[in-house]
Each structure stands twice: as structure tokens, then as C-alpha cells.
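Listed after this line are the structures, all set down as C-alpha cells.
Here come two complexes built around chain A, the first alongside chain B, the second alongside chain C.
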Partner chain A sequence: MLETSQADEHTFTSSVRLVHAVGMHARPAVKLTKLAKKFQAQISVRVAGAPEWINAKSVAKIMAMRAAHGSTIEIKGAGSDAQAAVAALVDLIATDFPDGNS
Partner chain B sequence: MTDTVGIVIVSHSADIAKGTADMVRQMVGSEVKVAFCGGNSDGGLGTNVPLIIDAINSAWSSRGVAILVDLGGAETNSEMAVEMLEPERQDFVVVCNAPIVEGAVMAATESAGGSSLAQVKAVAEELSAG
Partner chain C sequence: MRNGVAGAAYRGRTASIGFAHGPFVRVDQLESAQRAAGSLVDEALALRSAIDTASQQIVDLAAIAGGEAAQILEFQVALLDDEDFMAVIFAAIGEGAAADAAWRSELDKQIADYGAAPDEYLRARSSDLADLRDRVIRALQGDQRATLGIPSGAIVCADDLPPSQFLEIDWSGGGGLALLQGSPTSHVAMLARARGVPMVVQLGTIPAAGATALLDGEGATLELDPCAEQIGSFETRREVHCKSRAAARAILRRPAASWRGERIKLFINIQRVEDLDHADAQYADGIGLMRTEFLLTNNGGLPDEETQFQAYDAVLRWAGQRPVTIRTFDAGGDKPVSGFTPGGEANPFLGVRGLRLCLARPEIFAVQLRALARAAVHGNLKVMFPMVTSADELEVGRKLFVQVVAELQANGVAAALPELGIMVEVPAAALAIPSFKASFFSIGSNDLAQYVLACDRSNGALAGLLDPLHPAVVELIKRTAEHGQRTGISVSLCGDMASDPRCTSTLLNCGLRELSVNPSTLAQIKQTVDGLSNGGNHG
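Now for the complex of A and B:
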């Protein structure tokens, strides 16, 4: 897990390695989306270096990003609760999408 | 969390309907009401309007109900079931133009976040939009 960086007062970015054995398949995508939706902040994610950011609250787009096992996921949040949102998503991915917090 | 949009799954096959509902419950969780129906009274393939109405009632929510269907008759019978509801409830039920399994999981995921019926339908139909 890398440190969170802060671009301005309400924008936070961080990155985390995807440890899930088969990458971002359906079940992790649902968990990530559901968690993202609990925050007001605009949250986007991408595989590190990818040209486009993807809306973390869109389950179809998260599934379609097909992030592979071992890839690094960048997470960006903007809004009043962005810091907590980014931290929560990093934790979800770093802990391999545990059951029970949905 | 207040009420969430309910999900109804209508397949020609009872097994597909139940299996799809199982996937939704396991992947998305229990905060969204899910009802399903499929098959005819002889245990064969088919859909029928009274069972669809029962499923709509079972998944009913003040936020509305989104229906996911498989082939032809499932869609027409679902539309007929909606037309047979009380007029004041008809505006709160929509049939989604989406693949049944993927659409149900995505609709339920969107619903779990507290989204409106229109948003839930739009997300389910994102898949068909290509």
C-alpha cells in the first residue's frame, strides 16, 4: 500500500496492489461499487497508467476494466469525504475484498 | 438506508430464475428485495402473468420495482402484469432491456446504494448500450 497524496483541500489519490487471485471479476466489482456509493465524493479508479479514469460507482464499468491480479489500482476521490472514501477503498482492495462489510 | 428499489426476475425456467436470484443475494446482499418466478404450473418452461404479479408484490418497495426478463414471452407477460396492477402503481414498475443475470446483479448493486428506479434501470441497460 502506498501513501495517500493530497492535490488540494478535497482531492485525494492513492494506489494499491490488487491481490485478488483472479483480478477484478464480478464479485469484487460489486463490493467496490457498493462501498464507493456510501460516500458523497466523486471517486474514480484506473489500472496504474491507464489513459482513462473510471467512475468507481459504476459497476458495469468496474467489471469492464478487467484489472488483472497483481496490477496496481489508482484511486482518486474528490469531495468532502474523499479522504475517508479513498482510504476505505484502498483497505477493501488491500484486504482482498473480505465478506461481511457489505 | 431507506427503502431500496426491488428486483423481480422473470425467466422461462424456474431454475434460471432461482439461480439468478441466488447470485443477486450472494453478490449484492440482503438490503435489496429480490423476487423471482419462472416455469409453468406443470414444471415445464414458460412464464405466466399471475406469478409475475405475485413476484412484483413480493419485491414491492415504495421506491419501485425493476423487472429483469429473459426471452420474448417473459417480456410481454411482464408488461401485461404491469398493466394489470393498480394504475397508481404502474409508474413504479419498469421492465429493463438487459441480459437477465448481468442486469439483475447490476440493477441490485445500483439499488443497494439507494438509487432511484430510473437510475437502476439505466445501469442495468448500460450493458445493452454497448
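Now for the complex of A and C:
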């Protein structure tokens, strides 16, 4: 897990390795989007180095990202609660999408 | 009809014999033609409401389902809740598309994307999306499934047809099924044979156009907009078929079939209670196989004990003193049931299906066993477990059943433990047949052949290789029948082989004396046994 870095006043980015055995499949994708929707901030994700950022609140787009096991996910948040949002998503992915509180 | 100009003819493979002449209806196009676009606001509201309905249905299903199935259902709900995803669809409506067309077009795009994914898990999601697509479309159509718009007696043409859709079509006025893809060994083909609906598969590419069609289930041909001459030839073939059926039906009325002086018992397979309405059913020696999966799919939810009890009780009352063998839920494999079967199995035919699934979901299984135990009081009920691999599974199932009966009786409810048997369809069961303490055996030759020959029976490309008369399959049938003769335990066969007159002689020679056939082939098989008995090769 890497540290969260702050680009400007309300934009935070971080990255985390996807340890989930089967990659970003239905269950993790649903958990990720559900968590992202709890925040006001605009949150985007991408597989490290991918050209486009993807809306972390769209399950269709998260699934379409097809992040494989072992890939690094970059997370970017912009908005008032962006720092908490990015931290929460990093934690979710790093802890392999645990059940409960999602 | 066009005079003189012969209509185009296409040849496929036979999935179910019989003849049909009627209006030609393409199912996949019919649905998209259902809805004319109303005002932009109307269409948007209609879609929003259909999505709410579908979403609620799925949430209900997921609540019952649990496990991986629930996760897949949650994914469907999440998709309906995905603003980015829905924005594309509402934008299309904003540009004048009808609600169903806009929805279908975006979903089809997604389904194609998933279908092309390199990862098998993602590919499997395309059928979940197709399910979601159809659920919302149905909600848009006010869920009037019976009025799919298919006229009675139509030749229904589709790429492939899911069993649920087959059951939604009214076949009481005749008609037939012409599939461009599909397979004679698929689940829907089995349904068509059971209902006596002619069906031809693997017709290849067919133009969408066509007002009327002739479907010949024996010659495996489809003729579009036939000329008078084609119709004449078709009618002649149909007449020959009907005459041979009439001769068979005369034999049907005779009391019992026999072969070399031995009584051959002919039972029927039924999918649901209504199948007993078949005119020939009354001549059967009993029910050799009552499937119960259709109880699972009717309302989208799992059936309660009372619904199940009513169905079992109705069949037992129909049968009187005759035996009725009811098979417990055989879901999984090519028969997924949302809310019950596990999603995302890489190889569902070798997965958690049949008794394996029931033992994994005892809370669902116990409801069925309770209904069966109550029904057992009223008639000659036998219960069999499908997809049994080891003797332990039978004993675990038996223990659960005994427990259920004891609980019912303790609560003052009349209940009895019926005779318990197993399907012999896993090669291991056939090879280790003496290890099972079953009261009877029923050979499921469809799955047995599929597993012995390593051929997926829903894969049309392997249809030629999937030969139930392969010596290896016949050998296992023979061993099972011989075990029955040695021990006095009844052995029957309820797969498609029993209903195929080309297999009858082999089965009798293997030592089988009980066959369970589709009601629509009972006459023909009785005639075949009669012919063999009189020294003929086969009927």
C-alpha cells in the first residue's frame, strides 16, 4: 500500500495492489462501487498506467476495466471528503474486500 | 402460399419429430417490434418503472439465494443502479428511441463485450446480463408473458431458445420450433419431445422474411413460403407419419407390453402436472420420472411446501395405485435456477448440481422433502435423488428425509418415508452400483452418455459423437441391469434412449424390463416392443 498524496487542496491520489484471487469480478466491483457512492467526492480509478480514469461509482465501468489479480489500482478523489474516500477504497482493496460494513 | 415458385428450404438436425404448418414467427425480432415509442417522457418513465420492478424482483431473489448466486444478483442490481450506465440508455430515449429498444441495444452491447472476454468468468456473466435484459423487457411489457404475441400453431424461429421461453409459448394449437443454432440434446429439445412439439435445430442462417412455413421434424427441414407442390409433398409425409402413429395407438390400448414372455413395464416421464393431459398418458404403467425443476422457475422464487405438495399430490391422485417416481430437484448443469444454483462455475456439468446442490442447500431441500413426505401418505410414491456419486450421499439424503418425516409426525402431520432410489447417471455410480443401498435404480442415460463419452450434451458440434449406443454406455447400462436382476432391485431407464425406438432392442437385450418414456412416444415404443416380440428387428 502506498501513501496518499495530495495534488491540490481537494485532490488526493493513491494506489494499491489488487490481491483478490480472481481480479475485479462481480463481488469486488459491487463492493467497491457501493463504498464509493457513500462519498460526495468524485472518485476515479484505473489500472496503473491505463490511459483513462474510470468513475469508481459505475459498476459497469469497473467491471469493464477488467483489472486482473496482482494489478495495481490507482485511485483519485476530488471533493470535500476525497481524502477519506481514497483512504477507504485503498483499505477495501488492500484488505481483499472483506464482508460486512459495505 | 405461392403458386409455382418453390419457397426456400433449409435443412438442420432433428430434435423432435412431428410436422407443423403455420405462420412463421421470428422470436428475437418479435420482441423488439413489440413497443412503439411514445413521447420521450413516457418512454423514460416506462423504463424507470420497469427497472424498479426488475430491481425489486432481483432483490427478493437475492434474499432467498445467498452465496455466490446472491452476489451475481447484487451485481445485476448494482448495474440497474449505475448512473453512468443508465445515462447512455436514457440519452438514447432522449433521441427518440423506444424504451425497450434503447435498453436492449445497450445491454446487447454489454453482452457481446462480456461474451468476447478472454476470462471464462466474465464470459459467463453475459448470460446473467441476458437474464437482466429479458427481465426488464418483460417488466416493460407488463409481464404479460402469455401474450408474447406468438399466434397459436406458429413455427417459432430463434437462434436458440431458453427453456423458460419455450414454456411461455402456447403450444396447445400445434406449431413447431426451428432453431438456427441449438442442439438435439439441449434441455429445450427434451421439453419439445416431451410435449410432442416438432423441433429442428442447427438450421444455419435463415432470412428474417417469411409469412408461413412448413416444419418437418423427421426430415429436419424448414420450408419458407412454400408453393402448392411443397405443401402437397409435406402433407403426404405428414399423413404417413400420422398413419404409423394411429397403428401404434391401437397397440397402446392393449393391456401390457411383453417381450420373450416377460412383462415390459412402460412408464412415462413428466415435466409437470399438465403433461398428464396427454391423451396417451392413461395407458402408462405409472410415472417413471416426474421432474420437479419446473416448480423452481415458475415465479422466480423458490416454491413453498404447499405449492409443491399440491403438485405431487395431484400426480399421485391421477396415478391411483400405479407407482409414481418423483425426482428431487435436479438444478445446475444446463439447468441454472437463479437464487438456487451457484453462479460462476467454470464447469457446471461437473459442478454442484443435482443431489450435490440439494445437500449443500438443506434449507431448500428440506422444504421439498417435507412436501414429498406428506404426499407419500396418499399413494404409491417413490423418490429418487439425481446426480449421486457416492453411497454416502444417498445416506446423507436419507438421514435428512427420515428427520423431516419424524418432525412432521411429531407435529401431528401425516407423513411417510417413501421408497428411496437413485438416478444412475454418474459413471462412478454405475461402476460401483452394489455399494448403494437403494430401493430402486433409474438410469439417466442422457447424462450417463455425456459423462462416459466426455461430450457436453448442449454442444451441437459434438452431437455426432454423443452416441448413446456407444459400447461403453451400453456396457454400463448392462452392468446396472444385471445387478438389478441378481438382487431383485428394480432398474429402469428414463433417458432419451428409452423414447428412441432405435435403442429399444439394445435396452431389452441389456436386461432392462422397465422403460420410462415421453408420453408422446409411449405408443411408438409399445409398438416397437411388440414388433421385437414378434421377431421383427425394430419397429
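Here is the rule we go by: the second predicted complex is superposed on the first by the 102 of 102 C-alpha atoms of A that agree within 3 Å, B and C clash if a C-alpha of one lies under 4 Å from a C-alpha of the other, contacts with A are read in each partner's own complex, and residues count from 1 in each chain.
The working rule: a contact is a pair of C-beta atoms (placed from the backbone, for glycine too) under 8 Å apart; a residue touches a chain by one contact, two chains touch by 3 or more.
These figures come from a predicted structure and were not determined experimentally.
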{"item": "Clash or fit, chain B versus chain C on superposed chain A", "value": "clash"}
{"item": "First, second, both or neither for A:K76, with chain B first and chain C second", "value": "neither"}
{"item": "Partner chain in contact with A:V22 - chain B first, chain C second, else both or neither", "value": "second"}
{"item": "Which superposed partner A:K57 touches (first chain B, second chain C, both, neither)", "value": "both"}
{"item": "Contacts of A:R66 with chain B and chain C, given as first, second, both or neither", "value": "second"}
{"item": "Touching partner for A:R46 - first (chain B), second (chain C), both, neither", "value": "neither"}
{"item": "Between chain B and chain C, more extensive residue contact with chain A", "value": "C"}
{"item": "Partner chain in contact with A:K34 - chain B first, chain C second, else both or neither", "value": "both"}
{"item": "Clash-bearing segment of chain C, relative to chain B, as chosen among 7-15, 43-51 or 205-213", "value": "43-51"}
{"item": "Overlap of the chain B and chain C footprints on chain A, listed as residue numbers", "value": "26-27, 30, 33-34, 57-61"}
{"item": "Contact footprint of chain A on chain C as seen in their complex", "value": "71-72, 74-75, 78-79, 81-85, 110, 113, 117, 119, 121-122, 125, 344"}
{"item": "Contact footprint of chain C on chain A as seen in their complex", "value": "22-23, 25-27, 29-30, 33-34, 55, 57-61, 63-64, 66"}
{"item": "Footprint of chain B on chain A - complex, ascending", "value": "26-27, 30, 33-34, 37-38, 57-61, 102"}
{"item": "Chain B residues within the chain A interface of the complex", "value": "27-29, 105-106, 109-110, 112-114, 123, 126-127"}
